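Please find the structures below.
In the two assemblies presented below, subunit A is common to both, partnered first by subunit B and then by subunit C.
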Partner chain A sequence: MAKTWTVHEARSENLVTADGFNQEYDALKSSLNGGVDRTMMPPEYFDRTHLKDGCFHNVSLSTDIQLNSSYAKGGGAEEFDGVVYEDYGGGQVETFKTTISGLKDGIAHVEFKCWYLLNMFTSGRGGSNELQGMHTVRWFITYNGSKVIESSKMAVQWGNPHLTADFPIFGGDAEIKILFSITPKLTDGSADDDDTTSMFFFGGGQFLFIPRWR
Partner chain B sequence: MARIINSSFKSGTTIDNTDLNNKFADVTIATTTALNNENARQEAVDLQALDVTSTTSGMENLILKNHASHFNEATPTSGYADYDASIGPDPTITPINHGTGGASQTTGFVLAPDDLVRVHWMAWMDKIITQGGVAVGAGAINSGIGHIPPHYPVWVIWLQWQINTVWAAVPGQSDFDATFGTNKGALISDLQACVMVPHMELIWGVGAAPRGTWVSHRTLSNKGSWNYINDTGSSITVTGLRLVIDGVYHPLNDGTTSNENALVHENLGWTTSPQDNVVRLSAVQLQWLQMRSD
Partner chain C sequence: MKGIRFEARPLEGISERIPQQPIEATEIINFTLHKQTFGWDNRIGYERFDPVETHLWRPFETLGRIDSLFIWGRHQGAQEWVLFESKGSLYYLDEMSGDTITPLVLQTIESSRTIPASSEPVTSYAPFGRFLCVVNGYDKPLKYAAWPVWVNVSGVNVSVPKYQLGWTESPAAPVTWGIDLTPSTIAGGQVVGIWAGSSSEEIGLGSLTAGTTNLYRYKVTFVNNAGSESPISSGSNAVTWDTPAGGVGADSRFITFVEIPKGPPGTTARRVYRTVNLGTYDSGLSENYFFVMEVNNNIDPYIYDHVGDDQLGSLAPSAASSIIFPTAGTRFCATFKNCLFLDGGASDGTSVYWSNPGQPDTYAALDFFDVGARQSGEVTGFHAYYNMLLVFRERGIDFVRGVYGTFDLQPLIDGVGTKAKDTITTIPDLGVVFLASDGVYLIAGNVDGGGSMEVKKLSNSIIKTIDRMNTDVLARATATYSHKWREWHCYFAADGSDRPNLGIVLHVDRLAWSVREDFPVAVIDSNYNGDLIFGHNEGDNGAGDPDPSGLFVISHRRTCGQVYDADGGGQQIPAAVDTTPCSSKYRSAWIEFGDAEAKKRVHYVYLAVLTQGDNAIGLTYFKDYAYAGVAAPGMLMQRPDHLSQKVFGIVETDADVWEEGLVTQIRYPIDQGSCAQFQFEVETTNDFVLVGYAIEYTEPTGMKVITGKRS
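Moving on to the complex of A and B:
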């Protein structure tokens, strides 16, 4: 819809005064000097050549995410270095952190994918009940301290988790973390998990963050 | 600059037609070249002002630049576990779906510098045939003897692309052609465009010793993905995408490769013929999204 003016136009044979002219002219001038709005823009006109980089969104990609080297032990001829119960007693472990600056209000899309290996040998070994002590791994992603993804417990030996979420964000900086937890050491029965066998490792991780501005 | 800069008439000033025309000429001079951000109000460009009429697929180059997909259900593909008792030749790679006939375009995908590409796939497993497992002795948690399968045997499905008629693993992914002692394989840092398909698992059973039992997985489906930002500074023309499969691999970290984890090809001769260990895929779907990264 074209702009309409609320200022009276000069009629034929009117005496034009400076104030009258200024009032009409300045209304036109102010519209062009920073007042052109969406009602005055031509439709279906702007393509990529008119738009600056980053006007709609941004992308942050982190690659080669794998288990922290500080946790990696117990490897061998047929095993990875990984989490051992000597160092892990349960709970969530932070395994990746990144800070992203220059964000604006909008919606963020996050994706994290990887593959993992979970030692399932003594999984379910809990006395006479095979379901006790099922070995599992679980994943978490936090955004500025708030949890945005919490996976279910995964109970396969080789897994390929793919986690996605979309949530609103405010402008500014953001700190994003990826965490995991695994079943703690079993202590029931004769086939206890030992302290030095590699129980869990993950690799091939990629974290994709696409914020789209409001 | 497209701003109109002039002063207003002062009350009591005598003006003529030239003075008035000059005011309007100021508008013409300022706006003869294209309007710019100095003319527009904040949030002045809304969705209706964007040119989204050039295509019907959403590939307007505003954010999305290209996309393609391919579904291959017609030809189940079987991958066989390689057996070679000699010091590792390169593993035999089996393509799962076709390249130029698959998720590609005749003129190829052109990845401009800083473009983001996102590839997603789903592979449906039809069956896995495994050599019979061997019971393990009591007491040891992870014992393996002789030619029984290694602790964590796994098939790997990974992504390749075709550039200048040559197929190769995509950036961040290996074709398992590095050497680790007597095995061929890859470091973990080179396994970013693949999924792992377990061949068999060794599970502690309930009952009298020996308790270890090998179990195999059938009819699994596997979802994989890969992301890449072209940081080479030059355009890359990709004429094909495909998935490939090979096995059986197993983990390794015996301290001989700078203490880095690796996945290596099994060549200890635990399979006596190609038919002993087979994975067959019934269908594969592959999708490609190409976006601006800003």
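Moving on to the complex of A and C:
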């Protein structure tokens, strides 16, 4: 903040000058009219009644995020429903989208966590080749089309990914998407993936978005 | 007889040479330049950083002498971090956590730091990106990030964002686990069995061909919050297996499990590098390592490596591209061309190191100069100026030019150097100014585009004042430039003192000098707005009533500091009350009126002043180099031949008009007989703006200086 010290001191038996008065008064007034910021204000000077809602940050929480029901197929007895290669040919699949308005310049914090089940192995099983062809899953989060999180390939059969990122944002509206991709159908081995076995499912997803204003 | 009028206007600064020009002055003490008239204005003083008098000197009341001071402005002045040291602790001034009694709070960044001796240089500060590098040659170098600030509800610091500067050790070597080729049965020991079946996609390590021997090693580096990459670790133990011919892992690649070390505080990522499949080749010599992955945290204790050989990234940095911090005892630092420059410390005083660009903690093995080839002494400071980095030495100045990869060091001048690194300042439109043991010098110009540089002495007119300097404690001299005041302030120890007690001020608009006395400046700096903030050179002595201590500001407050008053000047609560203003003195040159031999009779001195009101200003006049003068009657600073302007104490609101200072001539009668040389002096604590003066005199016919004294 623009701190201000004495610019003109009125002393006994000195002239009563307009310039002197203006210099001292304007210095104080200009500091209050443009120079006060949060680093100058002791917390005890404020309570909740002085703060406007959303003046420092915003919070958006989405829960119960899981694989789109239209993808959940293929599970047999004691197996999970999920993405099947009949519906999935590769690439990133959008699984969650949210739009948030009224953002200001600042820094955004995003977190996404969930549990997932992944069929690591070739869906076409049999014989000595049943354990070939490892499958993986990757996660992506985009902010207004820009990728802010891209996970590595997760290769274990079940997991609890927890993705976090902090990045600068501009004011306005934001569209945030969560996407995933899994290994495409394996076709070059002796044990190819089939089209109807469930390969991937996730649930218990929770998405937290906290933008903090500059 | 009609008088001769001699006029001096506008006035120049101090000149201690003989003879003097009439428009120069013998003494100008505690004045500033009046911007409208270029006259001398004594309406200055200093006040406490927190000017509320009932706050006394809080929060500085327990501090002693302020040893170092740095004001770090960020985000165009929206954040201002005031860092200073006293009694071995480095503090920042917290303006958020206080209360109505003590709005400012001292927060400790680091304690138990070395207190410099009076002849030693103090801590050096250099901003580098979002960090402030802090070095003093004794304590471990720091990077201070200032933000975020984390204090609890009681205003106590929970954590301070400070980090070690440089990497003090290489990461420990990663540890690989073995490969379990038959995970259907549980094997003992640290093994992991994850296989990747045959696939066109390059996932997994090793060969698909049964019976092939596979062997890999790993290395790791740390990346910190400044973006610096640490030295690379030594190689891990080898993970090796033979591709099985049968069983569940037959003809498969495998996933390896690697334990990676955690980095020191401030580490934000670990980079993992790996060899390609060395097969049966393991000479134990260093192989080539390539980038595998970056773990973007400092938490994960291990990784699973599934990256095939043809998916590996670029070659790992060599051992020479990032080394252990080469100069733990560094005393001086500066930022230049995106690199952090450091000296080698007291034990390696002729070495200059620089970091990788953008990475203040990463230093290559060969990125240093040795400046000791010339007899100019050791490095005593750095200063970035124009397109070069000035390297100050005890008796010389060198400069560094170029960019990273092409830096070169060249000598600028021999015989002129400085130990007063805190006086090296850039003044706009002038150049780099610094205080050497024999005066103040200016470096101007540049060496690019056919230009030339010059080093010239600026302080020839104040040679007697410079001679008062205690050169043994030159390292503690301090200076700064204020664009608000248009002045360069320099304070140094004089008259045998062990700490700064005298100031010289260069008024840039006139290139004129004046002197500051009674300003207890130990260290000084200017903030984003150009305010001059200084640390007290004594501080509290710990006994009795509180003494002035901490930070102060040179301002237009008409006081020479404050003193403790238990009654608060009638408020019935303790307060720090203003003292009388610092005494200001203007003493003219010895004026000979063009003829040193002829006797003159001075009748009047006319002071051209801005009217100030009803406070009287006295004048003393001297003749023929006499020590004692004669006092003329005090005169009010009002226009003599008009009604007096209204002053505080008389003015009536709603009836009188606002006044303004008017230039007028105040006549002082002089009654001293005849003289060959004449001088006058004004010494006052009342407000006074001297625009010029005139002297009316006559020359009695034929009167001259008598013959000289015979032996």
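We take it that the second predicted complex is superposed on the first by the 158 of 214 C-alpha atoms of A that agree within 3 Å, B and C clash if a C-alpha of one lies under 4 Å from a C-alpha of the other, contacts with A are read in each partner's own complex, and residues count from 1 in each chain.
As a convention for this text, a residue touches a chain if its C-beta (ideal position, glycine included) is under 8 Å from a C-beta of that chain, and two chains touch if they have at least 3 such contacts.
Bear in mind that the values here come from a model prediction, so they are computed numbers and not experimental data.
Touched residues of subunit A were counted for both subunit B and subunit C, and B has more of them. Residue contacts after overlaying the shared chain place A:Phe21 against subunit B and subunit C alike. In the superposed model, A:Ala155 lies in contact with subunit C only, and not with subunit B. Once the two complexes are overlaid on the shared chain, A:Leu186 sits against subunit C while remaining clear of subunit B. In the superposition on chain A, A:Phe140 makes contact with neither subunit B nor subunit C. Of the two partner chains placed by the overlay, neither subunit B nor subunit C lies in contact with A:Tyr88. Once the two complexes are laid over each other on the shared chain, residue contacts for A:Glu13 go to subunit C alone; subunit B is not touched. When both complexes are overlaid on chain A, the residue A:Phe112 reaches neither subunit B nor subunit C. Applying the stated contact rule after C-alpha superposition, one finds that A:Glu78 touches subunit B and leaves subunit C untouched.
Shared interface residues of subunit A (contacting subunit B in one complex, subunit C in the other): 17-19, 21, 37-38, 40-44, 121-122, 128, 191. On the subunit B side of its complex with subunit A, the touching residues are 2-4, 6, 8-13, 15, 20, 23, 27, 30-31, 35, 38-41, 43-46, 48-54, 60-63, 116, 118, 141-142, 144, 150-152, 154, 172, 188-189, 191-198, 201-204, 206, 211-212, 217, 222-229, 250-255, 259, 261, 291-294. Of all residues in subunit A, those touching subunit B in their complex are 17-19, 21-22, 25-26, 28-29, 32-38, 40-48, 51, 53-54, 56-59, 61, 63-64, 66, 72, 75-81, 111, 113, 115, 117, 119-125, 128, 130, 156-160, 162, 191, 193-194, 197, 201, 203-206, 208.
Residues 43, 45, 47, 51, 77-80, 95-100, 103, 153, 194-201, 203-204, 248-250, 252, 255, 293, 304, 306, 527-529, 531, 553, 555-558, 611-615, 645-649, 651, 656, 658-661, 687 of subunit C are the ones touching subunit A in the complex.
Remark: subunit A residues 1-3, 5-19, 21, 37-44, 121-122, 128-129, 131-134, 136, 152-153, 155, 183, 186, 188-189, 191 touch subunit C in the complex.
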